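I have a structure I would like to understand better, so I am pasting it below and will then ask my questions one at a time.
Labels run A, B, C and D following the written order; every chain starts at residue 1.
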């Protein structure tokens, strides 16, 4: 076997590997993806169970082995991904590449830092790949649609969040002055935390105003929080309506030059010309 | 009386029964439906009262008899429904057929499994029939409209729910590491439960963060939960606006008989015929 | 003085009274309305203060006198309203007529039934008159707009509320079976109450699931409640958009017959003809 | 140096100062703004930390000095702003002028009134200037857009808030009569506070109904609160959609110079000129 042959056979091996790992069109590629998705789910469940005291006491050993088994499995997969792709760096620094790395690091880290193994729940993000690999076109389109709407809303949402933050800082400080440490508002940061809990209508009740003035101000915060939730909702609804109409169609009639046709339209609805 | 006559009279009897049970156009059919709806309501109230300790101690016997009375009544009705319809199997496996069965099973099951009789509250679903049988056209249309909007939203809502689930799993794990069992975050599943309680702005307060870092992360979760509720709202609002405009225009093309045209359409978008 | 003259002078007296009480165009009419609104506010505040123990202990006598003073004042006004209007019966059974009566009855009732005087807070509804009497046109229009949208949504909202009620009844019953009296779910009605508290994302935390299965089901209820709030929001948003466009204009161009003009339009935007 | 020269040099000095303080086009102006923004942030953090007991015990002295340092810095800046602008009064009574003053007063006030220094968190509002000074056009536009939508909604939101207030006053009074002081509803104002906590779906749980009738009424309030949040959301969404379409079309009539035309307009709606 001469050297050149060796290279070709290596290349073929890499191409085949790339097909299996990165694509889902071939039968083996699809099988690989499904096994991967199941492994991810199982490994996350392993971590969840491991954190429950009495389950850990019972089958902690098995879970420990399973965790390492999945981590080594994913490590091998990660290395194979780097080897099989031509643009190794592009993959490593891509969104999925970073998540793939973060999904194996915590277990190794747990050798030096106890508890860090729980961070591998970040593996759950790998599941987002499910739509892509399984070519679930409708879900991919739905995701894209949501992303467009969110992206278009980002400036307005940023302004909104900043106003909310300014509001809770000021309201929290007032509540600290009104209620004081004796009613659980031990410091301004603590009061700001309470203001967030109240404005977002979560309302744990671990801290609650006790004075009349405090309850009046709290009522004001609640009604503000109850009303201004309309703002992000309005922003995103309007952007979604825009995104929808954009996605609908950009096809233009060759006869009358009018657009705004539905996706299933075959004839122009204004002049009857075939599209 | 020869055999044939007998069959004819049976058929007539079945047709009459079908009219009474399945339809609500005749006077006796309407009376039957109203008695049925009242019986369903009464039987559900019976179960609710039966579960209250001091009421059970007082009139438990009467409620026990009432429960069996209604169950036998509905069982007879169920059998009559099967007998009177020509397509017995279609009915049995239809949505209402399954509910009708589930609405009587629990009482029989309670003979072997104590407590299961409470499951007959599923009878309440039979009440959904009220709109159909009483021909409340406006409500039927309203239901259909809501169903169309929800059906159209299902892919986007699915993506949204999955992102929410990924979020609470990751956030819950972080909170477990930050707060730990000493502050009530006894395990990751427990922390995920807390993250759901917080993100959905329910906020029981049975578990609440006590450390500074925990409260900061909790604040982030709250503000995220407070903001992203805009997403499903936006999705459904847009789909409802679409469903509305679709329901409004019911124009049908004279050539291809297809409907679903826009309000400003002058030509059929499927075949190009002038509308 | 002959009899006829007497009638005329009485009539004049009634017309003058009607002007003052029912209208707000004249100076005395406006003064009357403003005094009335202030009296309503003061009388409601009187009731609120009266219910606070330590204020009642201090100035209970003064509040008692004030309550009776306002009640007699409003009683006299009520009688004058009946006398001064030609259509006495129409007024008595109108929305405001009923509220005017309900706003004085509780104080008289308190002579025989202690505590009922607190019901006169219903007087606050008389304040709704403020928009009408003070001719605040913009607010009247805003109210009308909101009422149109709500009226158009009523069938859909009814269907929604019924589905929610069916949901909480079934979910509540399941929780009763899962959690049981030992975790605070003492009866099915109590569990249904808990399910409402959870689904509406209020989350008092007075009752909270303690078992794993209970927390899983609770999580499902929370996510459902968090998501389906989108439904009434979508319904009302769409109806408001419709109401808006209806209020905007129904003017039709005399030249091209196109409608959809803005309120401030003076020329048709499609053909340039003066509207 | 003659007098006139002196004035000119002073003027030049003022113009230069004005450039640095009020504008952000020059390099020194931008530097000034960035230093200002950082100072504001630092001074707010100082106040937050100062309120935390154990941090105050540790480094209270340093924080005390920092607070006075920033206050004197901002005081100097405030004076320079007044000096450098030609329209001193206009600045003083402008929105930012008032905030600039309020942002320094509390520290001076704390000399006579302990605790008032915490009010300087109002400085956080100065940060709103960040968008303006740094010429973040997109954020400025987003803010303007939100303000337009909120301004257009103000009448409807006012009506909504008033209905909500009437609702919680009446509901609160009923709950006071039903539950009474023994269940924590010690007075009508307290019950109204509870009704607000419930209607806005905050739900602290510090007060919760204990009687059956109270829980039924509470359930009604919750479902109302859960449903009517749709109203402000609908209002603002519709107004945002309007604001959006207004912002998009900025076409101006060549004849009458009026803008505000619809997207499909072909003729000016004010004067009938072809656009």
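What we mean here is this: contacts are C-beta pairs under 8 Å (C-beta built on N, C-alpha and C of every residue); 3 or more make two chains touch, one makes a residue touch a chain.
Owing to the predicted nature of the structure, the values given are computational and were not obtained by experimental measurement.
Student: Taking A-D as the reference interface, identify its repeat among A-B, A-C or B-D, namely the pair sharing over half of the contact pairs by residue number.
Tutor: A-B
Student: Have a look at where chain B meets chain C and say same if over half of the interface residue numbers show up on both copies, different if under half do.
Tutor: Under half of the interface numbering overlaps between copies: different.
Student: Where the centres are mean C-alpha positions, what is the separation of chain C from chain D, in Å?
Tutor: One centre to the other, that is 30 Å.
Student: Report, in whole Å, the distance between the mean C-alpha point of chain B and the mean C-alpha point of chain C.
Tutor: 31
Student: Roughly how many whole angstrom separate the Cα centroids of chain B and chain D?
Tutor: Taking the average C-alpha coordinate of chain B and of chain D, the gap between them is 43 Å.
Student: Where does chain B touch two or more other chains at once, residue-wise?
Tutor: In chain B, the residues touching two or more other chains are 160, 189, 201-205, 225, 229, 233, 235, 237, 241.
Student: Give every residue of chain C touching chain B within the complex, in rising order.
Tutor: The touching residues are 155-156, 158-160, 162, 166, 169-170, 173-174, 176-177, 181, 186-190, 192, 198, 201-205, 208, 212, 215, 218-219, 222-223, 225-227, 229-231, 233-235, 237-238, 241-242.
Student: So in the complex, which bits of chain C are touching chain D?
Tutor: Contact set of chain C toward chain D: 44, 47-48, 51-53, 115, 118-119, 121-122, 124-125, 127-128, 131, 138-139, 141-143, 145-146, 149-150, 157, 160-161, 164, 189-190, 193, 196-197, 199-206, 225, 229, 232-233, 235-237, 239-241, 244, 261-262, 264-274.
Student: Show which residues of chain D lie in contact with chain B when the two form their complex.
Tutor: Chain D residues touching chain B: 201-205, 233, 237.
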